[in-house]
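Look at the two complexes coming up: chain A is in both, with chain B in one and chain C in the other.
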Partner chain A sequence: MSDLNTSMIEKYRSSFLKEVEANVEEGEWVKMCMQCGVCSGSCPLGKHWDHPPQEIFMMIRANKREEVLGSDSMWMCTSCYNCIARCPRGLPITHIMHGLAVYSKRLGLTPKKQPTAEFSQIFWDNLMKKGRVNELKLGLSMNFKDGFGEGVKNAMANQKLGQNMMKAKRMNPMEAFGGHGVKSPGDLQKIIKKAQEIEESKIQAAK
Partner chain B sequence: MAKIELSFYPGCSSQKGATSSNYLVSAQTMCEELDIQLNEIPDWNCCGASIGYGGGGELPRLTLSARNIALSEEHNKGQEIVATCAACWLSTREAKERLHEDEQMFKDANAALSEAGLKYEGEANVRHMVEVLVEDIGFDGIKEKVKKPLEGLKIAGYVGCQTNRPFGIAGESFENPMYLDNIVDAVGAESIPTYEKKVQCCGGALAFSEPEKSQEMIKGILEAAYDNGADMIVTPCPLCQANTEIYQDQINEKYGTKFKMPIVYYSTLMSVAFGRSAKDAALDGHVIPAKQLEEIANK
Partner chain C sequence: MADDKKFAGYICTGCGIGDRLDASTLEQVATRDGKMQSCKQSEMLCGAEGVQMIKDDIANDSVTHVMIAACSRRAKVEAFNFTDVALTRANLREGVIWVRPDTDENTETTQEMADDYIRMACAELKAMNKPAPSGEQELNKNILVVGGGITGMTAALEAAAAGYPVHLVEKSGALGGAVGGYYKVIPTRSPYAEPAENPVPAMIETIEANDKITVHLHSTIAKTDGAPGRFSVELATESGSSQTLSIGAMVQASGWKPYDANQLPEFAYDKSADVVTNHELEALAVAANGGPIKRPSDGKEVKSVCFIQNAGQCSDKEGHLSYFSGVTDLISIKQAMYFKELNGDCDTTILFDNLRTPGAGGEDFYRAGQQAMVTFSKGIASEVVAGDSLTVKFQDKILNEETEMACDLVVLATGMEPNSGPDPYALLALEEIEDLDERAKKQEEIIAVAPPSILNLEYRQGTDLPHLKNGFTDSHFICFPYETRRTGIYAVGPVRRPMDIQQARDDATGGAMKAIQAAENAGKGRAAHPRSGDLSFPTFRKEGCTQCKRCTVECPFGAINEDEEGYPMYNESRCRRCGTCMGACPVRVISFENYSVNTVNEQIKNCEIPEEWDEKPRILVLACENDAYPALDQAAQAGVEVNPWARVVPIRCLGSVSLSWVTDALNSGYDGIVLMGCRRDDDYQCHFVRGSAMAAERMSKVGDTLESLNLEPERVELYEVAITDIQRAPQLINDMADTVEKIGLSPFKF
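After this line comes the complex of A and B, so read on.
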């Protein structure tokens, strides 16, 4: 178990709601939920979630910390914003789901091999290299994330798709060498590193 | 009408050789005809899209967009920022609102930006290209420019999620937006205002990480278009376009369907209707060719 997780458990022993309010993006909204269920009924991949949003809000108030943070439900949020558009109480549900997912990842509680958690990280690392996303490398790293054997299998399955895209000039094999980017990726990385440090120091201060 | 000048944020997916490069080409053609000048934000960076949250967290993600806004404020002073990608528009506008509401976040983002000598003020308006069309040009303004009405074509307007929610287009409903149908009518084709999947999610970035679950939804979007007698689907979003077009083979294989539905952009329709060539409309950039549009363009 991560140190951060241990200290958060100690600090907020009595209230998971308080922990969420203090540490999760837009977490201060959770208490406003009136349990109407509209969000859960609006969620496109909802049938695959063990705990749809409404239930997650109820579980937060019921101190079900391990069940919520260890769940992979919120990783199935597609950012469709249906819930936000419909919630009668105006909760920024999408952002709370993202916030819970990121918080669980920070504490080391995200289920192993959760595909969207992995993809999200791959995407971020890809964009941080040059400041712009390199779609070819993004596809390749996603295909090869589970090792070489799996990668070849995935690449074969998507081979036709790739050929189609190249024909339409919407995929460029040359992107594997270089590709698009900002003028000074170093400067951008400096900016983002600073932002990460500030965010990190806020979390540490909350310990 | 006077020329409209906008500070343009193209986004990664529209770069040369990327998934929606055909969107950029047709949008540029469309803007030429409508007398809109796009001034690209110099040295813009990726906004992190929606999916970047899991790698980036909150402040780093907001800072990415703040950098783009800062660059626009410095180099394209006084101009509104416009994006063609739904996710680019959303992240940029969301960042602006969050930094506006949260003073500490505003300070923190500026502290990060100062590492490279940039300063964020957050004054510029952030708009989607569709807003410019609906609000500044208007449906009648579009109609006036039509040289080759797209007669006889029945087109399903697939708005998707992020062009529509949470911000949407002023005066339109989240559940049943009509502007895309109105654009279809304006270029002389037949719209399907009761296309029931017009705001259905396609899975977005999860089409990569959860392909089966997403393809099940994409199947529904395509099926409904066929049921409504559509010749093609039109969309304002590069990811909606890619997701509904490029997986049709895989869906056919899995479900035994025979989908071959062309998926185009509003800018594709306008480029053709405004009398421009197939090349200017980037019709060569489709995996599933929009043959009927090619015929009209080549006439």
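After this line comes the complex of A and C, so read on.
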């Protein structure tokens, strides 16, 4: 558990809802849910979620902080936007789910080995190197994320997929040597670094 | 008298009547069989020329009785509005040509149908007199409003604004009623974002400044006598003095009382002072005087509060209210916002199962509550555990778990109960019990739990307005929401059904307008709804009366009192002219000038019954003029076919049907009888409330008559018909024709 987590627990002792309002992107919408359940019924992946959006909202109001932030559920969102399109109260549910995921990651509460969370990190790291995603390296990083032995197994299993992608010119083996990128990745990294500094100072201020 | 009467018939040949029927035959029937002294034809009787012709005959030839053979009596009423004569209409358009196919093989039966309707109309006319007011009327503009709450005050202000003097009677020492003690009210104007200022203090000021309104505080009604236009109301004050007011019409706005939360031991209402009802919370909010709301037990500022919705209502448990009071969810949202306003960062939770926020701004106000950080949890509270801090145990319906929460104060969203007087029919129903001891015992039981009377009516049928369900005053929900079962007395506000302030104020305005209308109508001797404007009223032949009291007991409107000898005493301005008394009378002594046992009997008799070997049956249809007859008219417009053997007689209400009509019709050779009235009992649509139910009860005994005549029971059928039954109503008649074909013609044809 991070320092940030401990200080947030201290600060919002009685109301997780208020914590969500203050710290989660679009979190101020959570209180407007009227528990009709249309979002849960509309989610194409709903049955794979431990807690569909309607329940997540109710759990936030019921102060179930650890259960929500440690949940696998909001990581399951595929951003299909069905729930947003259908919510009679106009809640940006997809955005709230991503907001909750980001917040849980910031506090270090994301479940270990959560595949979507891991993929997101690998994707980000890959992107930041050259400002463009390197598909070959991204694929390899995903295959080998759990060590060399697992990596070989994964690579064998995905062999056919890789070949097809190369045939369709979706993946270039030459990418292994450097690969493509933006004109000056260094400048991009500076921009991102500055943005992260601003965000970090906000987070510290919110403690 | 007979010499003064002059009968004139008019036959319209427009709208295709002349093409389908032989008008000269019709005219012959009217003069020869119908004995009209004159009979004229017009190609368009409802046109200016036709109407002028009739008017001229009335003015120049002193015609007193007019028979118009044209369209349905429901069509062209404005053109054929001759008030100074007795009038009847033979329905040749909707009743004959529109319901029969235009083919050669049908020409004969169609003409017979038309001939019969002319004969029947002429015969009815012969038995009619011109209705006129009794001459007992006087205009009394005084309006009495019972109850000084927000409903009563609104009614008083509205009536006064229309220029009518108002007497406002209030039992307590101050105006304002329940809402008077509220901190704030549910907003009624956009943006519906926060509780609104209580309108009562301003209303009290306006009333006190209004010289048309006389306020009687500390007063109750000791006695109400008379009828609309001449009510005599005796007021009794707390100090023992009394005064008598002369009143034209009345509005009863006796309001509501909160449900007794002592019946909810599971929520620790009786154990903890910190469990309060929504009604009691208003007093706490007012007592806070702009500061934070405090706990009743120890005066500590409330830091967390839980509202339990539907406490003791919307439930089929013993002692709970079976209905939802409509407004309690909005009230809880409003009260939760009190805490957000007065108690700073107070945790405010509303435990709901079904949150219902009716009204234009309901949903907006709900959102406003959510914006203000009121927590809405879908859950059902099972128990409140008393202690220093209260524990509310509940089932979370979304997370599907049994859980609990701690709070300083619990508010129970309890429902509204009507502040009605005792139900007059509770005691009247006991008259059925033959054993006198048992009757007395039951009577005591009822009186022991009965609320005190509000109106103290000196009516044969009891002291107060009749109830419908759950003690709420009966008023005609479907068609005439303010009309109670006591003419000229209008129930408004939550005594009629649970409602919020805005609804109650709208209701009060409507009720005040109806009261004014009733007073004006009474001044002219005209009936209230649904026969509004009708001048006829029932009278009885005293020498024939057996003092059986059926009319006085069965009148749905309590219009008839009894004198010392037990003879009926009519109060025509209480009467709605339904004729239920006429149908009740076993000796047929009750009649209206233009509607009586005789007028219908004459119609029944003057329809030609063909000989048995003609194989032309006759089916008598007695159709209620309010729903069944218009349904048949609309069916005719839609071109739905009706069997040519049917002869339809419109009646005021099924309740006015005299059993003798049925017996006489069967005796004179009719093959089947169809009775059509409105829906009866709890969800009645009968315009006269009980008429249809009374008829059903009386007709349940018609089987004996049929048996004594050795006739099949299928020959008489009684149906509930709604105005929308356009396909069904003609079908019921056609079904009877099929039945007759199956079981054969009546043996009573001579």
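The rule is short, and it goes like this: the second predicted complex is superposed on the first by the 207 of 207 C-alpha atoms of A that agree within 3 Å, B and C clash if a C-alpha of one lies under 4 Å from a C-alpha of the other, contacts with A are read in each partner's own complex, and residues count from 1 in each chain.
As a working rule, a contact is a pair of C-beta atoms (placed from the backbone, for glycine too) under 8 Å apart; a residue touches a chain by one contact, two chains touch by 3 or more.
Computed from a predicted structure; not experimentally measured.
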Simultaneous placement of chain C and chain B on chain A, clash or fit: fit
State whether A:Gln54 touches chain B only (first), chain C only (second), both chains, or neither. second
Touch test for A:Arg170: chain B only (first), chain C only (second), both, or neither? first
Looking only at contacts as defined up top, I'd like to know whether chain B or chain C touches more of chain A. B
Considering only touches as defined above, state whether A:Ala195 meets chain B (first), chain C (second), both or neither. first
Could you tell me if A:Gln35 is touching chain B, chain C, both of them or neither one (first, second, both, neither)? second
Going by the contact rule set out at the top, does A:Ala85 touch chain B (first), chain C (second), both, or neither? first
I'd like to know which partner A:Ser15 touches here: chain B for first, chain C for second, both or neither. second
Could you tell me how near the closest CA atoms of chain B and chain C get once both structures are overlaid on the shared chain, in Å? 19
Listed in rising order, chain C residues that touch chain A in their complex are 347, 355, 366-367, 370-371, 373, 375-378, 396, 398-399, 403
Note which residues of chain A are touching chain C in the complex, please. 14-15, 17-18, 31-32, 34-35, 54-55, 58-59, 61-62, 64, 89
Listed in rising order, chain B residues that touch chain A in their complex are 12-13, 15-22, 43-46, 48-60, 62-64, 67, 108-109, 111-113, 115-116, 118, 161-162, 165-166, 168, 174-175, 200-201, 203-206, 208-210, 213-214, 217, 246-247, 249-250, 284-287
State the interface residues of chain A toward chain B in the complex, per the touch definition above. 25, 44-45, 48, 75-76, 78-82, 84-86, 94, 98-99, 101-102, 105, 115-125, 127, 131-133, 135, 142, 160-161, 164-165, 167-172, 174-175, 180, 182-184, 187-188, 190-196, 198-199
